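In the two assemblies presented below, chain A is common to both, partnered first by chain B and then by chain C.
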Partner chain A sequence: MAVASRTPLPGAHGMGERIVDALLSGRGIWPAVPAIIVLTVVAVIPFVILLSLGFSDIEVSRGAIASRTFSLEYIANALTDPLYWTTFQRSMTLALTTTALCVFFGYPVAYLYLVGGRWTKRLILVLTIAPLLTSGIVRTYAWLVILGGRGVVNSTLMGLGLIDQPLRIMNTHWAVLIGMVQIHLPVMILPLIAVMSRHDTRLMEAAANLGASHLGTLRTVIMPLSVPGIGTGAALVFTLSYTTFVVPQLLGGGNYLNAATMIYEQVVYSLEWSKGSVSSMILMVTCLIVLVAIALVTNHFTRWTQGRDA
Partner chain B sequence: MSLFRHSSLSDALGIGLILAVAVFSLLLLVAPSIIVLMISFDTRAFVSFPPEGFTLRWYAEVFEQGELVDAMLNSLQVGLTVTLLCILLGVPTALVCARGRFRGTTALSVFVLVPHMVPGIVLGVAVLFAGALVNVSPSIWLQSVAITVFILAVMVRTVQSRLLRLDPALEEAAANLRATPFQSLRTVTFPLLLPAILAGAVFTFVEGFDNLSVAIFTHGFRDRPLPVELLALVQYTSSPLVAAVSGVQIVLAIAALVAVSLSIGLDNVND
Partner chain C sequence: MMQGPSGPATIVATTSPVLRIGGVFKRFGAVTVLDNCSLDVAEGEIVTLLGPSGCGKTTLLRCIAGFWEADGGSITIDGQDMARVPVNRRPVGVVFQSYALFPHLTVARNVGYALRMQGMAQAEAERRVAAALETVSLVGLEHRYPAQLSGGQQQRVAIARVLVMEPRVLLLDEPFNALDAKLRGTMQVELRQLIKSLGLTSIFVTHDQEEALTMSDRIAVMRGGRIEQADSPNEIFDRPATAYVADFIGSSNFWPAQVVDGQVALPDGQSVASALQGPVRVMARPHNLQIAPPSAGPWTGKIVFQRPVGPLIETHVETDGGGVVKVVAMRRESERAFAHEALVSLHIVSPALCAVYPD
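Right after this comes the complex of A and B.
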C-alpha cells in the first residue's frame, strides 16, 4: 500500500481511501452509479424490450427468440378477445374486493394498536410482521388445509352435525377471496400503524375532554388523520392482489384464470411471447390507473381534512 | 387512558364491535400458521384435521428429499447473493439520496423505486425476454440479479430514512476534527447505519429466499428455488411434507423477527 506523503491524520492512508475521499467529498452522484447502471440494464431496458415485443410477431425456439417481425396483430387481438376482458375483469374485481375487505379487517387492528397498551402493541406488531417473513405458498397451503374436503372447516361443521356432506369451498371464487384477504392483511395493517403511531395522542385526549364519545373521536379525529395510511395500504394490497399468482393457482383450481396465471401460461407453457408481452403491458397499465386513482382519492381527502384544520 | 371513561351504550357497543373485529383479524393472521404446525406432526400420510398422533417423520423426510434440500440450498444462495448485492448497491445509493448535494436526488430516489412498484411478474417476464434477446438464459444468477433490482428500493429506503434521522452535527464534528470523508464514513456514519443495514439485509434476504413472482420466470431450469419447488409440491401432492417445510420456515421467520428486534427494535421496522 502506498503511503501518502502528506496525510491529514496519522495512520495509513492508501490509494483506495483517497479515491473514496475524492468520490465522497464532492457529494456527487458517483456512489450511486453502479446501482443506476444495474437498474438500467436489468429493469429499464427490459421494460422497453417488453413493450417492443408486444408490437411484434415472435417465434420462440429453445428458450431464444428465433424471429421477430413488426405486427399490431397481438395488440388488436387482446383488445377484442373476450378472454382478456373476462380475465382482467375477474382480476380487477377480486383485487378491489380484497382491498376493501383488508381495510375493513385491518383498520380495527390499527385502532386497537393506537388505543392499546405496550404489550398489545408488541403483540400486534409480531402477529403482523411474522406472516410477511414466511412464504406466500406456505400461507396459502394453510388455507388448503383449512378449507379442504377434510379440512378444519368441514371437520368442525360435520362434527357439530350441521352438515352431512363436506362443503365444496376449495376451488371456488370464495376460497380465492378468503385466501387473498388473509394473506394481504398485514400489508394493509403496517402502513396504518405507521401513520397512526405518528398521531399526537393529545388530540384524542382533547376530543375526549371536549365531550366527544369514542366513536366520535374515531370518526372526527383519528380517521381523517389516517387517510394517508389507508391510501398507502390500499395501493400495496391492490398491486399485490391484482398481480398475484399463488393464491388463484392453488385455491382457485386449474380452471381459475386471473391475469397472472394467464401470463404464466402464455409465457411458460404455450410460449406465446407476443401475447405474454401484451398481457403484461395491460396488467401494468391497468394497475397504474388504479394506483393513480387511489392516490388522487387519498390526496383529495387529505387536503379536505387539512383544509378543515385551517 | 381508560377505554370506556364516559361512554354511552351505543358508543360502547360500537367500540366493542370494532375491537371484536380487530381480535378476529388478529386470530385470522395467526390461526393458519398454528394449524399448519399441528398438521406437520400428524402421523397420517394425508392432510386432515384434527391431527391424530405425533411424529417427526415429515421433518425427517424433508431433509431426505434431495430435490427439497437442493431447492433450499438454491434459495439460500439466491437470498445471500441478493442481500450482498443490495448492500453493495443500496447503501452508497442511500448515502447519495440522503446526503447528495446536487439537483436530482429526488429523481434518483424515484428511479430506484420504479422497479419495486412494477408488479413482480411483469419484471420477471421483462427480464426473461430481454435475456432471451441477448442469449442469456434463465439461471440462478439471472434470478438473483432480477430479484435484487426488484427489492433494492427496500434497502435504499431503510438506510436512507435512518440517515435522514441522524444528527448531521456528528458528521460535521468529524469533519472539523479533520477526518477525511472516508474516515468519517467508516468511524461515524457507518456504525450508526449498521442497524438499518441489518434490518434491510433481513428483508432483502427473505425476499431473495421467498420470491416467486420474479423467480418463476427467471430461475434456472436445473436449479429450482424453494418457492417454485414448493408450488409444484403443493399442487401435486397432499402429504404433510409441505406442512413440515412450512414449519421450518415459520421457525426461521421467528428467528428473523428476533434478529430484527434485537438489532433495531420492532417499533422501528415500519419507518
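Right after this comes the complex of A and C.
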C-alpha cells in the first residue's frame, strides 16, 4: 500500500495534505522535521541564549537580567585567565584518566560476561545495573563512609597494623578519581556487553579451530570487534565525567575545582552569568573536540564495517 | 551414479582409519544426544552424516572438533586420543554452516589466520594463502571484506581458510544451506572434486538425500544419536540394513508377512529367502514393482493416483488387501495405458531386491 502518493498532483491537494505527504514520504530531510522542531525548542534556542550571554555585559538582579550590552570582554578574559586554563586542564585530565580506567576495569568484566556461564552473566548484569538504580549522590556518599578517616579502608588498614594513622583519602583528587571510576564504570560496561553479545560465538569457535589460544582469540577477534563498544562507552564516560558536578563537589570536599563546579560557582554564587556562559562554551567545545577524536579513532579501527570500498 | 568405490569393504579394510569414533556418548541434562555412536573414516574418504533434524549430527561434529567434550567413548585421529587435546591443537578443520568468517579481516587475512596463529614466517604464509585462494578460484578478491562477497564466494573463503592449515580431518556442517538451489548443485560437485583432489578425510553433514548421494563415498544414516548404517550410496539404497534406513532413503513400500521354512511368500506369488523367524516386514522399492492387466496375477488393486515425475511415471495402487503401493516406471506408452481407477495386477520385478526386516 502506497503512503498517499509520492508526487501529489499539482493543485489536487491542499497545502496541509502536501506537508503531511512530504513528512510521510520517507525522503530527504522530511522525516526528521518533527525531531528538528523539538530540538530547536529544547536545545538550539537555549543554546543561542546561553551563547549570547557570553558576548554581553549583563547585570543580574533578582534572578533576572536587568541590563545587557554587547561585549567581548568575557571571552577575552577567559582565554587569558590562568585559572580557566588550570581548571579545564584538571577537568580534562580527570575525565581522560577516568575514561581510561573505566576501559581498563570495564573490559575484563565485559569479557567475563562474554565467556561466562549463565550465572556469571546474570551476576555481572545485576552488579552493573543495580548501582544505576540508585542516585549518584547516594553512591557518592557511600564513598564517604568507605574512604573517610574512620571509614572501612582506614580501619581495615589500621586493624592490620599496616598504618598507624588514618590515610587522608577523602577530599583529595584520589577520592575524586576513585568515585568517578566507580560511578561511571556501568556506563562503560553496558555498551561493551551490548556489542560483545552481538558477536557470533561461532567466530570464537572458528578462531580456536584455526589454532588460536584464548589470548589469541581475545586479541585478534574479540577486541577488534568490540572497538565500537569501547568507542561508545568511552564517549559516554568522557562526556559524563568531564561535565560532572556531584562527585568532585562531594568527594573533593568543596575545594576541588573542575569545570562544572567552577560554572556552578560563577552562576549561583557570584552571579557572573556571562562568565558562566563563556565557561560553558569552552566546556562544550573542548568536549566536542574529544568526542570527535574518539569517533575518528573508533572509525579508523572499524573500517571493515563501511560498505563496499575495496 | 558417481565414481566412488562401489562397496564399503574396499574402503575400510585396507588401511587403518584416520578418524575413529568409538562409542561416543553426549548428554545434555537428562537427554542423551549421542548414544554409543561409532564410526570409522578412512584416509581420503568423504562420509556424509544423514539424518532427521535433531538426531545429533552437529553434536557429533562439535565433539570431534573439540567444542564440546564427549561424556563417554573415544575419538582418535591417526591413533591419537583427542580427549585431552584442546580445540586449537586438534588437526581438524571446520567449515561452519554460517561460514563464521571474521568480518573485520580481509579475504587474505581470513585465509591466512591459521598460519599467523602458528607464527609462520610471513613470506611463506603469503605464498600459501595465494595458493589456497588459487585453489578455490578467489584470486583478485584478496582485499575485500567478507561483507563485500556473495554467498558462494564467502563459502570458498571459509573452505580456503581451513585448507591452508592442512587439517587431517575436514568437517563440514551443512555448508550449502545458505546457497540457492542452483549454486548449490554446482558447488556440491566442485567441492567434492576439490576434497578428492586434496585427498582430505572429511565428514559432511546434510539432511538432503540428493546432496548426500552426490558428495559421499559413504553415507552414515543417523537415528537418535547413533549410526544406523554406514555404507556406500548404492549399498544404502539397494540394501538398507534396517526398515528405518529404507524408509529414510528413497521411497519404499512396506507390507507385513510371515517367514515359513526360511521363505517369505510375496503377494504376487513369488517368494524371497530370509534368515528371520516369525512375523516380518517386507520392503520393495517402487521401481521394483510393475503394473500389468488384472488377469496377469493374484496381487490386484485399483489405480488411485498417477503423476509424471520427469522421465518417470509414479502410480499409486490401492490393493485389494488394503494399503496403497507406490510404483515407479519409465514413461512408456504401455504404462500410461492404465487409466485412473483401472483395475490392475502388481508384480515384483526382482524378488531378491526385496528386503525383509523383523516386525
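Everything that follows uses one rule, which is that the second predicted complex is superposed on the first by the 264 of 310 C-alpha atoms of A that agree within 3 Å, B and C clash if a C-alpha of one lies under 4 Å from a C-alpha of the other, contacts with A are read in each partner's own complex, and residues count from 1 in each chain.
The rule we apply is simple: contacts are C-beta pairs under 8 Å (C-beta built on N, C-alpha and C of every residue); 3 or more make two chains touch, one makes a residue touch a chain.
Bear in mind that the values here come from a model prediction, so they are computed numbers and not experimental data.
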Review point. With the two structures laid over each other on chain A, which partner does A:162 touch: chain B (first), chain C (second), both, or neither?
Key: neither
Practice item. Name the contact category of A:141: first (chain B only), second (chain C only), both, or neither. Key: first
Review point. Counting only touches as set out at the top, which of chain B and chain C does A:224 meet: first, second, both, neither?
Key: second
Practice item. Report for A:130: first if it touches chain B alone, second if chain C alone, otherwise both or neither. Key: first
Review point. After superposition on the shared chain, which partner residues are touched by A:32: those of chain B (first), chain C (second), both, or neither?
Key: first
Review point. Looking at the overlay, does A:205 come into contact with chain B only (first), chain C only (second), both, or neither?
Key: both
Practice item. Have a look at where A:213 lands relative to chain B and chain C in the superposition and call it first, second, both or neither. Key: both
Review point. Looking at chain A, which partner touches more of its residues: chain C or chain B?
Key: B
Review point. First (chain B), second (chain C), both or neither: which does A:285 touch?
Key: neither
Practice item. Once the two structures are superposed, pull the chain A residues common to the chain B and chain C interfaces. Key: 205, 208, 211, 213, 216
Review point. Can you list the chain B residues touching chain A in their complex?
Key: 1, 3-8, 10-12, 14-15, 18-19, 21-26, 28-33, 35-36, 39, 46-50, 85, 88-90, 92-93, 95-97, 99-102, 104, 108, 111-112, 114-115, 117-123, 125-130, 132-133, 135, 137-138, 145-146, 148-149, 152, 156, 178-183, 185, 206, 209-210, 212-213, 216-217, 226-227, 230-231, 234-235, 242-243, 245-246, 249-250, 252-254, 256-257, 266-267, 269-271
Point to revise | Sites on chain C touched by chain A in the complex | key: 65, 67, 86-90, 92-94, 96, 98, 100-105, 113-114, 116-118, 143-145, 147-148, 161-162, 165
Check your understanding: Which bits of chain A are touching chain C when the two form their complex?
Key -> 200, 202-203, 205-213, 216, 220-221, 224-225, 302, 304-305, 308, 310
Study note, to complete from the structure: Contacts from chain A onto chain B in the complex sit at residues 8-9, 13, 17, 20-21, 24-32, 34-36, 38-39, 42-43, 45-47, 49-50, 53, 60, 63-65, 104-106, 108-109, 111-112, 115, 121-146, 148, 150-152, 155, 182, 185-186, 189-191, 193-194, 197, 201, 204-205, 208, 211, 213-216, 218, 239, 242-246, 249-250, 260, 263-264, 267-268, 273, 276-277, 280, 283-284, 287, 291
